[in-house]
Amino acid sequence: MPQERIGVYVCHCGSNIAGTVDVEELTAWAGEALRHRGVVVARDYKFMCSSLGQDLIAKDIKEDALTRVVVAACSPHLHEATFRKACADAGMNPYLCELVSIREQVSWVHTDKAAATAKAKAVISGGVERVIHHAPLEPMSVPINPATLVVGGGIAGIQAAMEIADSGFHVYLVEREPSIGGHMAQFDKTFPTLDCAACILTPKMVSIGSHPHITLLTYSEVEQVDGYVGNFNVTVRKKASYVNSDLCTGCSVCEEKCPKSVIDPVFEAGLGYRKAIYRSFPQAVPKFPVIDADNCIYFDTGKCKACEIHCEAGAIDFEQEDQILELNVGNIILATGYDLFDARRETQYGYGRLANVFTSLEFERLTNAAGPTNGNIVLRDGETTPKSVGIIHCVGSRDRKFNNYCSVICCMQSLKFAHLVKERTGAEVFNFYIDMRTAYKEYDEFYQRVLSEGVHFIRGRVAEVTDVSNTPEEEDKLVIQIEDTRIGRQRRIPVDMVILSAALEPRHDSDEVAHQFGISCSVNGWFIEKHPKLDPVATMTEGIYIAGCAQGPKDIPSTVTQGAAAAARVLGRIQQKEMALEPIRAEVTEALCSGCRICNNLCPYTAIVFDEAKEVSVINAALCQGCGTCVAACPSNAISGTQFSNEQVMAQLHGLLMLNIMEPVVS
Amino acid sequence: MDTSVKYVRGPTTHDRTFLEEVIAQTPVDDPRLAYCVQCGTCGGSCPSGADMDYSPRELFAMIDANMREEVLSSNTPWYCVSCYYCMVRCPQDVHITDVMYTLKRMAVREGFSHESNAKDAPDFSETFIDFVENYGRSFELGLATLYHLRHHPLNAVRMATGMGFDLFRKGRMNLLPTRIENIDQLKAILAEAKAIGGNGDANL
Amino acid sequence: MNNEQFEPVIIGFTCNWCSYRAADLAGTARVKYPPNVRLIRLMCSGRIDPTFVLQAFAGGADGVLITGCHPGECHYLEQNLKALRRTMLLQRTVAQFGIEPERVRLVWASAAEGVYLANAITEMVEEIRALGPLNWPQVAALNGKSHVLTPAIASVVVSEELVEAAI
Amino acid sequence: MQTYSYYPGCALERNAAVYHDSLMAVAESLDLTFTEVADWNCCGATEYITIDLIPAYALVGRNLALAAEQNCNGRSLVAPCSACFLNLKKADHYLAQSPELNRKVNQALAAGGLHYEPGSVHVKHLLEIITEDVGFEKVARAVKRPLFGLKIAPYYGCLIVRPVFDGTFDDAEQPTSMDTLMRTIGAEVVDFPAKAQCCGGHMTQISEAVALHLIHQLLKNAVDHGADVIAAICPMCQLNLDAYQDAVNKHYGTNFHIPILYFTQLLGLAFGFGEATMGIGQELVDARPALANIQVKPLKPVKRKRPSKTELPMPPKLQEVRSCLKNE
Amino acid sequence: MNENGKPKFGMYWASSCGGCEISVLNIGEHILTVDEVFDVVFWPVATDFKYEDVRGYPDGYIDLCLFNGAIRNSENEEMAHLLRQKSKVLVAFGSCAYEGCIPALANFTSREAIFQTVYLDSPSVDNPGRVIPQPVTAVPEGQLHIPEFYNTVKSLDQVVDVDYTIPGCPPEPHQIWAVLQVVVAALTQGAELPPKGSIIGAKETAVCDECLHPKSEKKIFRFYRPYEKVPEPGVCLLEQGIVCMGPATRGGCGALCPQVGMGCRGCYGPLGGVADQGARMLSAVASVIGVGEPEMDERMLEREFETVMDTLVDPAGTFYRFSMAHSLLKRAKIKD
């Protein structure tokens, strides 16, 4: 094999690398010590990723007839694409370029300059050995199906769906509940401007329902996702609603006539009732009700049918069954939202035991004019207006026992509650907070406003809410016991009502959903974005985007922003019409395959099939995801993995260790 | 201490040696004291918090500020009733009760334990362990009598005639302590333990 | 051998989706760990071939760290379990070669666990440091030509020159 | 028949002898065998740890080592006193967590020819064994004379529910296991929100005012909710609430006369043992007038007042949904 | 010395059992052809030539030399160098010369331990003077020399340059004959020899290719040693949990062992491009262990795997039965 002509390029990354690694020495060493391995050029430059740095490489490729390029800079996850493109532009196959990390894995994690430089040498040596065994590859090109799936019909999903559909591309919007609207539809007022949530949300919901480019699939759940970017196959289960939507007029007579009333744990947050046939709320989109078979008298006893009897349109269909729909889409946006922390788990706050302890979501319903009390702020008896109200921040947030993150919205939400209580009842209001976090446009101004309204702010985390009374004035009250950290004293503050600003948590099934769509969850359970700062709506999986609280707690403006951002990313993909896929695949060399079938059940994508006629195993390149498990398992070396071949890894290993003999690790 | 200084002299260095010492002398590798966010859950939860001169939260801030003398002469650790409310509620999982034990041991060792208004508490503990070390079992009557005779002679009389007498009458008090059989083994273990611990505590 | 602290060389295999990103994250967060580990990126821990591990030892590494996504979180669904099985069987096998199984360590680290991975690396470096050098090229070169047997069973004496020649 | 190693603790030797006697009787009715750890020593209560660390853990370590040594077939160790229970459990837990502490404590134990491997003894409280290992069904079968009509305030105190080490068997703030147990033997269980609050512990000796405040709060809360009897599970709690009731009355001008019985005494009565056998009468506040409230038939259930039209629903109790919650 | 003009043939027996020599004779009447075509100039097992004779040959005198046996002692090594010097084509013949074979299992232990067992501890030994072989012994008459026993067994190619390799323990007679025909054709008709370094007398695919048992997807729930199970006829042995090295072993033998219900032991060595036969097989076998689900708790997973792996006794000895000397690690590390 004729020796390759290799160029080695060492990036200073300003002082990010050069501060810890002796880049000049490194470069000189690469040029000298690795010359016998084919290194003909070794250069260092302040910022290799800059256009000047890239030009340097391009020039050498052309003038020095380089056949391989090794760039020692940051993580391949950051700039592999940049340098591959630079090489491609200079006429070299991009896969003959190898980016090795001496920033994330050397300069940023080590302090000793000599040791870091020695390690950087090993890393470059590994890269040089590896790149010798690289082969030119051509990316696979896949067409992008212009249709998009949006999962979740809250404000994030609504925004994303609207943006895409308005651009003329089709959207399937899948929602688990009978109506879209999400948590926002449950709120009364939104901070800091106090606009009415329904007034700004309902028009959007209506346009979703009537949009020619949107197929709205409510009361539906995604069951299975196959395929890859550009060509996903999604199986959706549309649950039986027992109401024929072609006939139903949405008159709601069935709801009035239904004799079975049950607590509504979802939309009314358990604070109100709905019927066994119901719409989540009067402005629901779509307008058709669903029958909750678990609570329906007819499904239980075989008698009743009140809804059917009173339905003039004849839309009730007790025989309806779940429908399985197959959708083909090119991209997917996950906007599955959040669950509210179960405040019963913080036993010391008494939720679930003490009647007049409410969660934030319950309180939203309490203040909502369309809620169970028509917007009257009253105690659990439904009648008494509280004279004093305590609002507790950080319930289930910033607490290692539950969620160690800040839920972002609770401070502002609690301020909103304080304002509403004050405005509507005139009660004494106490806010108990660890830190007041009002960082966003107009937020601190709102805090100032609430301060001016005479609300008490006590800095401290509430120790307990108790009905154990010590004094006559505590009798029949809820006593909030706290260290008022401003004075370093314990205080016991009797109130009539307590509101718990409960944490935002990942959906209880976020792990399963992530797994289903092939993305990852953080330790806390939020979907992980591709880059926390620079790519907050994409994921590690091509074609899957995330928006809203599914990615982390956030307020409405940020949620809408993300919905729109995800839509923009998808629209960009659709406009490309096709996209290139990394050619990282496994292949069987049939002449070497003995048909032992060790590999056959190792592939989770069933890309490996056995050709009975030839008695060899065959890999379907379209299904293969390139993990390399079969390559490692093939006992006869009949499976090779492009870009991660045995030769490449063994050579890199050799390169990494070669230096050992030359220079020991410096402590 | 210079009592004329009315304000707490702000820590002039960022030295956290006291904090590190407290952490090192508390069992389990990290009692998480450095993670305190001053939320006050501990102070609010404390059943005897109203009578403490500093709340546990304040004490932790003082430890961080290297206010060794003030911390060790505080009554706060001695008023800890070991109810563990603070520990189960602490959002940062600080091992508060264990830290209180550590502060008590440091106070005893460094001679601060009689500075606070809980000055009898260490003696009660010491009387208690005297019996344990010599008999292997604790001994209520002896403990009560000895402790009260030493510190509250009047109480001793009240004990003997009042509730103590009632308990005795009901057969709920022994006249003599029980001694375990292998007291020598226990003594050997405790002697070795003390030797390992050095001057009271070993760094953990 | 000088009497400086022994600095082991550890080869780390990382999964492209989790542990390599965890290593990136450790870098981004400037978490420090000893420079003794050199990482190789694979697409998945399921790509780990015991051959790589043995080659690392044969090439002079003192330890091999294999990292992947946590069970149930594999980017390729369950290929990390194959890595676990191979590693466990490999540990049993290398033990028969007189190599401490601790020299092959499997660590699960998600993309979010930069600090955790850095700690695992630090811990492993210390553990291997305590185990001492493996020095396989020298072990493999021991073919007995170099030393004279005494009537009692001779202990193995290795001449420096011979070892160097062998390497 | 289940067998446990048994660590009585100093209090059960005398002051709380009735606890020992009654629990032994109850154990027999429930097919439990308790084998006392031979030559156990004091656990150090909360005192030794305030003076010296390694000896305090070595003191508990000796008990664990003895239990492990004598516990040939891996039985659990039962401690009826909450303080003993916690000291044993905590020592085992911390020794496992801190290799340094473990090394030092075992070095000390070696001086007495002993060794303890953390994790080898599984420490359980008596209440845990009866509610979890035995189970309410078996308890119900052993009932011969249900305590119908007797209004009990189940008092848990601190150390059985706090601190929370992995696998604490009941809620740290509002435990319910003893409530269910008392209902199982036919008693009425009154609402007792203070059920896990502190009895003051040794504060009676250090600052009586603090202790009396806490005892008063507990007695008042139980009496306010109509309890006839407070059921205790710890000798210290029993002693404080019983022996200092007089002092509370004097200090606060109250007139509490609420007897404090060990829960095993109440179980024993329901299992058909006589009052004398159960040591009734050894408490300072006489329980016999309260016990006279026991009826032959269950009380008529108090009709829950019809919810008014306007009343808003309550969330379901946590226990009912516990199984479907994350991290439970 | 080229008296009869016939090409010169040599064969040597280093550290091995002699099976290779028998296998050559097992080519049957073709042995007459060998005699006809070649002039045998060195073959200690069959003809009476001395080392001194070989030393006397000019370099490259022997046209074809089959070297069987591993390098166990200094005599083996000396002869390897000598025959390399005197031969045009040197063939590593059989598994011992190729990859160490059974003798190289000694690399799991040390010379000291071997001597201890053989000369001192073995129950049948009567060695009151505790004498252990010494390469040099001083006697009144001078010094006596015997070959030095090495600590590590090596393959032929680890001491000298080897032209071809014929694998097998022993190489199958039909393969030997096939190779000889190629050589004869090259020598007599000027046909081309395979490229240097080739493995000849074997196939490019694994034993499974020749094995007649039908194969399906594999999931192993426990392993069986040969005596633990009567194999079900007509079913792939590995699928039955019987460790069969077939998938990781070069074919050419005709899959003799699996066909009679005995798992392939791997004597034909690794396939092309495989650096370490044992590691390959280990990887393959571990991959198809059937227990464990991703949802399981990690401890639980490990326990499940361990239960299965406990039934795979002596993995190193199983996977490296023939290839120890040629493996990546070459030998075991012996603790002082």
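Descriptive notes on the structure:
A, B, C, D and E label the chains in the order they appear, each numbered from 1.
The criterion applied here is as follows: contacts are C-beta pairs under 8 Å (C-beta built on N, C-alpha and C of every residue); 3 or more make two chains touch, one makes a residue touch a chain.
Quantities reported herein were computed from a predicted structural model and do not represent experimental measurements.
Each step here moves to a touching chain, and the least such steps from chain B to chain C number 2. Among all pairs of chains, B-D has the largest number of C-beta pairs in contact. With respect to chain C, maximal separation of chain centres occurs for D (centres as means of Cα atoms). Taking the mean of the C-alpha atoms as each chain's centre, chain B and chain E sit 74 Å apart.
Centre-to-centre, using mean CA coordinates, chain C is 29 Å away from chain E. Distance between chain C and chain D, defined via averaged C-alpha coordinates, is recorded as 52 Å.
Within chain A, the positions touching two or more other chains are listed as 348, 464, 602, 629, 632-633, 646, 650.
Chain contacts: chain D has residues 172-173, 197 touching two or more partner chains.
Within chain B, the positions touching two or more other chains are listed as 85.
Interchain contacts (touch definition given at top) occur between A-B, A-C, A-D, A-E, B-D, C-E. Residue ranges on chain B touching chain A, taken from their complex, read 37-46, 49-50, 54-55, 57-58, 85, 89, 91-93.
Across the interface of their complex, chain C is touched by residues 74, 108, 110-112, 115-116, 130-136, 148-152, 154, 274-276, 278-280, 282-283, 285-287, 289, 292-296, 298, 301-302, 305-306, 309, 312, 314-317, 319, 327-336 of chain E. Against chain C, in their complex, chain A makes its touches with residues 75-77, 101, 103-106, 108-112, 115-116, 118-119, 122-123, 126, 511, 515, 518, 520-523, 528, 540, 584, 602, 604, 625-629, 631-633, 641, 644, 646, 649-650, 652-654, 656-658, 660-661, 664-667.
Listed in rising order, the residues of chain D touching chain B in the complex are 10-11, 13-17, 39-42, 44-55, 57-59, 61-62, 94, 97-98, 100-101, 104-105, 107-114, 158-159, 162-164, 172-173, 197-198, 200-203, 205-207, 209-210, 214, 243-244, 246-247, 281-284. By the touch rule above, chain B contacts chain D in their complex via residues 25, 27-29, 47-48, 51, 78-79, 81-85, 87-88, 97, 101-102, 104-105, 108, 118, 120-122, 124-126, 128-129, 131-132, 136-140, 147, 162-163, 166-167, 170-174, 178, 180-182, 185-186, 188-194, 196-197, 200-202, 204.
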